[in-house]
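What follows is a set of structures for review.
Each of the two complexes below includes chain A, the first together with chain B, the second together with chain C.
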Partner chain A sequence: MSQAVLDRLSTQFGERVLETSDAFGDHEARVAVEDWVEVARFIKDAAELQMDHFIDLTAIDYPERKSARFDLTLTMRSSVNGGRIRLRTYVKDGEEPGTLSGLWAGANWAEREVWDMFGIRFKDHPDMRRILLYEEFVGHPLRKDYPIDKAQPLVPYREVSEIEKLAPFGIEEGQPFARIDWESRLAGRDQQVSPAIGVQQGQRRALSDSEAAEQIQARIEARMAAEAEAEKAPDAASEEDSEA
Partner chain B sequence: MEPADELLNEQAALELSEDPMRLNMGPSHPAMHGTIRMVMDLDGETLVNLDVQPGYLHRGFEKSCERGTWAQVFPYADRLNYVSPMLNNVGWALAVEKLLEIEVPERCQYYRVILGELSRIADHFTCNGASAMELGAFTPFLWLLKVRDWVWDILERETGARMTHSFGRIGGMAEPPTATFKDDVLRLIPELHKVVKETEIMLLRNRIFLDRMQGVGILSKEQALSYGVTGPVARSTGIPYDVRKDHPYLVYDRFDFDVPVGEDGDNWDRFMVRLEEIRQSVRIIEQAIEQMPDDGPINVDDPRIVYPEKNAVYTTIEATIAHFKLVMEGLQTPKGEVYSFTEGGNGELGFHIVSDGSGTPYRVRVRPPCWYNLAASREMLLGGMIADIIPTFGSVNMIGGECDR
Partner chain C sequence: MGELKVINAGGEVAVTTRLSDLLQWARKWSLFQYPFVTACCGMEFMATAAPRYDIARFGAEAPRFSPRQSDVLWVVGTISQRQGPAIRRIWEQMADPKWVVAFGTCASCGGFYDNYTTIPGVDKVIPVDVYIPGCPPRPEAVLDALMLLQDKIQANDRKPIVVPPHLVPERAPGRTGKGKS
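Here is the complex of A and B:
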């Protein structure tokens, strides 16, 4: 990565380069989404930059950020001088940044993947289809509010009454496992959730829609209700505790 | 002309449509390496339009990474490019270490280099062997795979697993090198040279092989840059880009090795670049074996990052607590965002990771080299014959696990 590129960008665009950073040695500039294509074109074509080697384009979802939900990052490299730079912009949900597929052919697939995974559409993209998933898929899985254990089988799971288990199994297979419950986090409830810790401490909800987790949750709630009652009525405390 | 022929021609003119024929190849097709679908429009046997459709091996790698600890990504990373899992392992470890701003001890760096180069050799053996096999030359394939298994024997002795090692650790490796590691590798090196030589004798003057490889599946330098092509495919077009040379990581700046480049960007160049890279990898291994210290620590000395020794975990309470905290809470990374990239088997393998300061990755983006190489394969295939898909697609070396993630 190189600082010279950032300096050149700042002299060219001045105020329109909103932010620059060299954290961890990765040089990066942030621009407004309206300037996205223009700055990218400049970085690619300017004689002293010549970032002609497309490296990567991807997005990051920040559902809790009020101003704009997504980060869109573009990494480029120059085959002439070996410089590297990362360009970033903030994209609101539903906003359509311009496509870079006219500048680098590789952006075509990268943008299709971002559409597929995050639901960011690109203006004037020649071929805005899903790429990794199928067209019937509902939602965009790399958004934080898409539950990790959600399943959308195109072919329904088999139901055979006499046999308990028969592959392919249902969605309720296996141990519930995820450390952050985004559903409750976005609703302003618990943040860090680990099933094992949750059960041990008895105050954090384990993330799963499985029966087991619901039972644990019911137990936890019952105990917390009992404790709350015990606080209200200190006389009955000893009885409630022994039950829990 | 015979009357019967005239009759046939008349009928043919009536029945055959002038429109291109639409043909579907894959996703389950022996030449599609299992998981790619190609929808093509054919004019006779010539491809006039092509839609490459990946995704049949998509299993949510990036989403899965967001639900565990940093260390729990290693087994997933193994399964990206499952032909050279050690390179992915080390790539992931380096990414997290960049975020933690730590550097592993020198002995570990050499160890990672040697294991990684062995993996690269295995990767190129597989690709080149398969390329030959798909054109009917079964013998070089078997020879190369025989020696590849000897490479994997060494990796198995070191890691305990033949393919998906899960051997990398943040801040080091799971185990130090075994006592016979250097001898094993040194004993293997003559065999590597021998099998490369044998492959060359078998193939490089073979008429069928030459005709199918030379001048077929051409990718220009500009196209390669524009598509984001890296690795052997990019080098075959004449771009001398190798992460090991351009942005040295580990101890690659201490070795004397060349970056082979091609000229035409056809199948032949891709094949030859890989063959030469095997030799260069052997050169690196030879130098690394010589320079690698025989003793010294393999992991960084930081109990917040590295797991305590198993013996201690079972016998002392301090180590048990440390182990418990590292496993249950995960190691804590600073808040930030890094892009770390290494030279994988197929090109620049990048990990773009975002940390929110907790023990769980906030976002993990893999920049899979295969993804962009595959996107560029459309340019190589368009205008060519349908039969050329097989050698061209083979020489792109699409690995489903990495491409579709």
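Here is the complex of A and C:
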């Protein structure tokens, strides 16, 4: 069925269908961004296709690609014929494809999500606002150049330095996926996570969170110095005792 | 309760203690809870609140869905950055004395959500008294946390504490180190 859809598209639009693919049983057609809405409308409305079920619309970021940074992909299904097809297009950064929310009501929120996560705006969209994140958020987090551990808190974090508490749990408290136990890592006693998790969490944060690491290092050194002094003190006391 | 003194005067018996001890004793046995349930830990919270574990033994069975009427804020589940102002405001609306329990790893430290969406532990926004590790924690761990909290209330101890794993109460009598009633 879906191959028939691709053939029908090719006869209808000719050269405007840039390429088609049926890899792994997923039938896919790629069009230019100018033809985006028109082809989608044809796929939905043509009597022999009737792809009336909007499944998903999302984007993929290829920051290394010079010609057009994003791929926009639209997946549709026909509740009449049972076939499924994916439509793709290239979108340059800042380019505005037309909205599909006039075709499928469900495309409204999906396009808002694409705007929220990737920063692709849609022309003539009725309500182009962020949908998952908050208006104060700067940037678009699923772009690959968004820093992976950058948070933008709405409420400023408390100053918790005075609270005596591990930055919460280590493996000894039943948390194999816990955040890194900085103190033992910096003291060279870092045995608490599996190598894979250590690479995923520890090494990256060790590079990106250097200020926090320095503060913790200073605290450890201060504590070790205090402990060393405390060890010295009873020795001196016992020497005095023996002399007396 | 703290120190009790029994006075027996010709058949008339009176018991005395400190007023503060009596107050803390009353507080720890009538904890009205506000469940702020956001994620899968809620299932385990419901299990704990169900009859099998009988949380009414600890006087903590009454949920109040108004922060103004509750004593303990249970933060159950992942707290996203977007929820930060809400949970902060709920905590501010609660009347003193109030306590906060971080239920599960996400509420305690963000868990494996280490990215733009999630607050890495609700203690970044509001102070937390008891942390319950686990993903999710078993009801036994939750009851351990409740008993820890009771001990802390009786001892008037606001130092944050983490529920240790596999705690068998009779093997660990002085759990908070002080103020065991």
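A few notes on this one:
We adopt the following convention: the second predicted complex is superposed on the first by the 161 of 244 C-alpha atoms of A that agree within 3 Å, B and C clash if a C-alpha of one lies under 4 Å from a C-alpha of the other, contacts with A are read in each partner's own complex, and residues count from 1 in each chain.
Simple rule for what comes next: a residue touches a chain if its C-beta (ideal position, glycine included) is under 8 Å from a C-beta of that chain, and two chains touch if they have at least 3 such contacts.
Please read all numbers here as calculations on a predicted model, not as lab measurements.
In the superposition on chain A, A:86 makes contact with chain B only, not with chain C. In the superposition on chain A, A:23 makes contact with chain B only, not with chain C. When the shared chain is aligned, chain B comes close enough to touch A:73, but chain C does not. Legend: residue contacts after superposition of the two complexes on their common chain; A:133 is shown touching both chain B and chain C.
In the superposition on chain A, contact is made by A:60 with chain B only, not with chain C.
In the superposition on chain A, contact of A:141 is made with both chain B and chain C.
In the superposed pair of complexes, A:105 makes contact with chain B only, with no contact to chain C. Applying the stated contact rule after C-alpha superposition, one finds that A:157 touches chain C and leaves chain B untouched.
On chain A, the surface touched by chain B in one complex and the surface touched by chain C in the other have residues 133-134, 141, 146, 148, 177-179 in common. Here chain B touches chain A in the complex through residues 53-55, 58, 60, 62-64, 66-69, 98-99, 101, 223, 225-229, 239, 241, 246, 328, 330, 336-339, 348, 350, 352, 354, 358-360, 362-363, 365, 367, 371-372, 375-376, 379, 404-405, going by the rule given at the top. Residue ranges on chain C touching chain A, taken from their complex, read 81-82, 84-85, 88, 105, 108-112, 114-121, 123-127, 131, 133-135, 159-160, 162, 164-165. Note for the complex: chain A touches chain C at residues 133-134, 141, 146, 148-155, 157-158, 160, 163-169, 173-175, 177-179, 201. Considering their complex, residues 23-26, 52-56, 58, 60-61, 73, 75, 77, 79, 82, 86, 104-106, 108-110, 113, 117, 131-134, 141-142, 146, 148, 177-180, 192, 194, 196-197 of chain A touch chain B.
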